[in-house]
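Following this line, the structures themselves.
Across the two complexes that follow, chain A remains constant while its partner is chain B and subsequently chain C.
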Partner chain A sequence: MANTSELAVCGVNDHEDEGNEFMTVNKVAKKDRHKICYKCRDINQKLIILFRNEAYCKTCYIDLIRKKFKPNLAKCRDASRPSRESENVVIALSGGTSSNVMLELIYQNTTNAQKSKLFFKGNCVYIDESSIYPNLKKDDIEVYLKKQCNLYGYPLTIIPLENIFGDNPENREHRVKMLKESVESFSSQTSREDISIFYREQLLRKCALELKAKRVIFGTSSVSLATKVFSLASKGRGFTLPNEVSISNQTEVGGDSIIFNQPMKEFILKEIYIYSRNVIGDLPTQFSSWNAPAKQSLNTLCEDFVHTLQDISSQTVYTLLRSADKLVTPTLDNNFYCSLCYCHLSTHDINHINSIKNVKSTNSNNNNNNNNCCSDNSSCSTTSTTNNSCCSTNNNNNQLSNDTLCYSCRILVKENRNPNLVLPKYIYENSKSILTTAQLKNEIKDFLLDDNDD
Partner chain B sequence: MSTATTTTTEQQKKKLCEICKVSRPILKRPKTGESICKECFYTVFEDEIHHTIVDNQLFKRGDKVAIGASGGKDSTVLAEIMTKLNKKYDYGLDLFLLSIDEGITGYRDDSLETVKRNQEQYQIPLKILSYKELYNWTMDEIVKEIGLKNNCTFCGVFRRQALDRGAIILGANKIVTGHNADDIAETVLINLLRGDIPRLQRCVNIVTGSEGALPRSKPFKYTYQKEIVMYAYFKKLDYFSTECIYAPNAYRGHVRDFLKDLEAIRPSIIIDIIHSGENFHFNEEFKMPVQGTCIQCGYISSNQLCMACELLKNLNSGLAKVKLSLHNKKLKSTNPQHQLDENNNQNNNNLEIKI
Partner chain C sequence: MKIKVELSGGLELLFNKIKTHEITFDDKKSIPLKDLIIWMKDNLLTERENLFIVDGTVRPGILVLINEADWELYGGIGYDVEDGDNIIFISTLHGG
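Then we have the complex of A and B:
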């Protein structure tokens, strides 16, 4: 560490002064070997960056990053497709620098590339979470994203998070209320964060299906993924961890296959910030004030910890991701996924579901006896009669069996303090469909031929 | 449980132990948050370990079991629990205490006194085996030679073999150590951070060591450190709680603090991390190295010389400092500094396998 720090190698040592790596020519000139751009050797080029111990001019750096991104983006294509046939994809924008840089990089490698461009038909989607994060500067972000998408020529869809409870324009307020209730019912900050992430992912999945896209591309950077390695391990998600931090994670639900891609996996924050400043310019700040309670969420604790360790050893993020690369999530049976988070269930969980004799007697999590679709029925009258209702009025359908949840989601659900909590419909539907499949399989199991006994 | 609860019984319940509903609760169980009485705590604590032992078939009747005893709280509680369960459930085990004397003045000599008192109390044979008699080096001498940087690497490698050799001298066929759930969770995180896949694979196993080494098990695998401390405290067990004077702290210390922070938010985190570790599946291409035996001492090894002989060879030729750094380079270890689990002086990261 000590001997490299004086070189201020791009991307190592610390994360605080992201993007402040621009070096003046004078500073660089102190070291003879950094006098000219490592790549173009053009003495007239102004040097801006020390990257992996080599100095680069702006043009060469931009080129470097674009080239680095390309093979990763290529992994986000259906390999069986003819290479010149455009694939419909959803580009998930978060309003943050990383996904914004990714958007520009996708544009460069698809539309603007001079030679050997990749063929994609991008649809940008932004999930607006302002109804649960009131500090979010929703308007600024939306104006900015619209401008960017316009610039690159991608359509932008903005979906409010409350649409997890349906999209009837008449009952938006009711949905916001339900969303808040369904998030705030969980006793820990961690679970509140996690459930809203699951909702966001579900909306993206749904939107992708509607747009006839088979994949959603996320801009998650290496640091965020390394943080995920820690937070997933801490939440008991060891089985699904390899999938969740990989560049490509496929889930199959009811015959619909959706792939989540994370092509920014190889990019460290500094690379992203430097690129952003040089190519795109400043982004709007996302929050008017950030008052996330420190040390109250496992997610933020893990994030802080990874940053601390990265400061101690610049290899931390890299090593964590390499560790995860050496793990795999075995695909056991596509019929068995977690009703809430869509991760594959482990052998133990699947065996448990298969051992259930009578589906109706499984321990159900949500057995509310009142016939209202939410705990407070005052605002609900308009919706309960229509088909567009935010939640099912038939309580027989409002059952979430703990057996159809992964280990980690069982912990999450246990933290619910509200006995009348109503979750979005899809969760109950998933739960029901998993149990039905298991039961059907059970009934015909004696007649199924095992691959192994020929 | 099924009887209707009225407000009055609710209030009464609050004052009574949640398990026996008779005595006054005096502690809040870290694992479950239940308020329970002392006697019920002893029962659940002991029963859980009994179940771990039975469910995982850790022992057979007639087994001779060496308890790795350092005089610290984990191994002292382990000795107490093993003697107790052996009697209560008639496991039919022959128990021994096995202590390793690393030769650390002002630390190990004092803790060994504790072990000797334990021996008198539990009336089971004790064997103390020293690094000096096995390797002709004490840790004091090693530190003098190599300084304070890689001392725990030497110590850990030497201890692992010493435990095996001591157990064989005692005629034991199994070893138990006091590694608790916190230690294991911590090791899972550390191995992820180090990218140490072979150890990541092994560290959550309740029994390790096969093919030549004695089976080594961890009856405290699912036991929270806090509960072990509670047990030792209420039982007024005699243990030694000073840290090794050569203990490095930086890296493992960070992880330990981090784990404490996580636990404060979600008490089940220790078990959840172990659950993650148990559910890791490893890529086929990362196979475990083939095991052979050391040509010099016969101990299991994947290379010609076992780690201990390799380290000794260098120590004896005065090359220790140089060789170790070369070795670390070979390992491509990102965090070469090997650290100790100070709590029970058992090194979690046994170095017997080279990559």
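Then we have the complex of A and C:
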């Protein structure tokens, strides 16, 4: 029955396993005789997964995942670049299984590829959120990530989330305090989670610019993306939904474009975890206590819902994402993005900004009536003279126009309970730059030839 | 019969932070997986059972492996656990 040469090829990896592996092989073959590996058809190979209704052995499964990942990774390259020229990219690691598997898959399709390898220059970045999630096992995660990055030969940069308020080493504690205040002043857990996601994404954008990379690659799985479909829609972020769940989402940052890529989009968590267990091994547990009560936030509720749907029918997640792929965000004017979350503004929002005659009279959200950014004056005064300061003493720079926020971020900011809320500098800068651009456009508009004047 | 139960992905936090449990049933030759998880809930679980069991089966989002293989190859919750089996429960929740 089984071809001996095939057996030798497929069985190579199994010889490296411990002795008891053979016992299990026999046992499974006996129990599940009617199912053999879809690919190699070798009756002696132990099956490890039912992948979209087909059973696979370990060797064939590993091969399958690597091959399935490759075309998606190829989409994360600038198509105009010569194929053998390495593109500088940021690989965003979260410490979770999905991004770790992605890292291994990138390595397999680049550095370790035998033939037709893809050329990337990877820079791993981990945003440490332990200052707002105290149960995060920061040390375990960092030790593990350093080990993995070293193994695959990628440099690793660790950035604490509080650096959203600057990176002066002298005022770290002050920044932690500001970050905590800024996150905790939102009344709902959903908003707290969302704002920390926006801060994380902004740090990754900034880091990409510093590393001269044009893209950030995320390990977001199909389950996480399906969760996004529901959570974005429920939070009034439907406008940006098609961009956020696509494999490639481009945003402009002060004239530089940064692309967010999600090449793990094809895989469900079962596939990722079984690959991880067979190739990488177990990861350290990220949290020291159970992180999310089921009804903690809209995001976790949606995640629970997607898992339940997936349990009822394994096709649900694919169907959902295929439907989402058919949606298109109507306008893409790169000059107009939300100052806080970077999503594109709707036509209605853009028209509104363009109708503003004088920037200074806009509906501003400047809560900061005193010139000091924070209640703790002493710690800030030492830093406010440097460029790295967390906040500006110049009142004009702390103006956030609600007109430069998307619908959902306007609601988010309104929800904040702190009348002296200070947001990270980038938000004020974005807001100012959007209004200035709009005003300049308005000013030169009269000098431009109208199409009807011909 | 003697079996091994493994918990990971943070699920061990609900089981007194212990990842591996060896379980012996002197009076049995096999046990339905459905009964094993109830036994685990009654004897091993230390907090919030609704994070482990929902409607008599493993909560959605928890991946179950039977001797390192996907439980769907064995009919999922309908599987009969035998002597020497290694049952692995992995939480895939919040695993970005």
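Note that in this section the second predicted complex is superposed on the first by the 396 of 454 C-alpha atoms of A that agree within 3 Å, B and C clash if a C-alpha of one lies under 4 Å from a C-alpha of the other, contacts with A are read in each partner's own complex, and residues count from 1 in each chain.
Just so it is clear, a residue touches a chain if its C-beta (ideal position, glycine included) is under 8 Å from a C-beta of that chain, and two chains touch if they have at least 3 such contacts.
These numbers come from a predicted model, not from an experiment.
Colleague: Check the residue A:Arg322 against both partner chains and state whether it touches chain B (first), chain C (second), both, or neither.
Modeller: After superposing on A, A:Arg322 lies in contact with chain B but is clear of chain C.
Colleague: On the A-aligned overlay, A:Thr97 touches which partner chain: chain B = first, chain C = second, or both, or neither?
Modeller: Second partner only.
Colleague: Tell me the contact category for A:Asn88 with respect to chain B and chain C: first, second, both or neither.
Modeller: So A:Asn88 meets neither chain B nor chain C here.
Colleague: Can A:Ser313 be said to touch chain B (first), chain C (second), both, or neither?
Modeller: In the superposition, A:Ser313 touches chain B alone.
Colleague: Quick check for you: in the superposed arrangement, does A:Asn334 touch first (chain B), second (chain C), both or neither?
Modeller: The answer is neither, since A:Asn334 touches no partner chain.
Colleague: Report for A:Asn168: first if it touches chain B alone, second if chain C alone, otherwise both or neither.
Modeller: The answer is neither, since A:Asn168 touches no partner chain.
Colleague: Output check: A:Asn416 vs chain B and chain C. Expected answer is one of first, second, both, neither. What do you get?
Modeller: A:Asn416 sits against neither chain B nor chain C.
Colleague: Contacts for A:Tyr273 in the overlay, against chain B (first) and chain C (second): which applies, first, second, both or neither?
Modeller: second
Colleague: Which parts of chain A are in contact with chain B and also with chain C?
Modeller: 308
Colleague: Taking the touch rule as given, give the residues of chain B at its contact with chain A in the complex, in rising order.
Modeller: Those residues of chain B that touch chain A are 188-189, 191-195, 197, 200, 250-251, 254, 258, 261-262, 264-266, 268-269, 271-273, 275-283, 286, 334-335.
Colleague: Report the residues of chain C in contact with chain A in the complex, numbered from low to high.
Modeller: 8-10, 12-14, 47-48, 50-51, 59-61, 63, 65, 67-70, 72-74, 84, 90, 92-96
Colleague: Flag every residue of chain A that touches chain B in the complex, lowest number first.
Modeller: Residue list for chain A touching chain B: 188-190, 229-230, 232-239, 241-242, 295-298, 301, 305, 308-309, 312-313, 315-316, 319-320, 322-330, 346, 407-408, 411.
Colleague: So in the complex, which bits of chain A are touching chain C?
Modeller: My answer: residues 23-24, 27-28, 31-32, 35, 46-50, 55, 94, 96-99, 219-221, 223-224, 269-270, 272-274, 277-278, 282, 285-292, 294, 300, 303-304, 307-308, 310-311.
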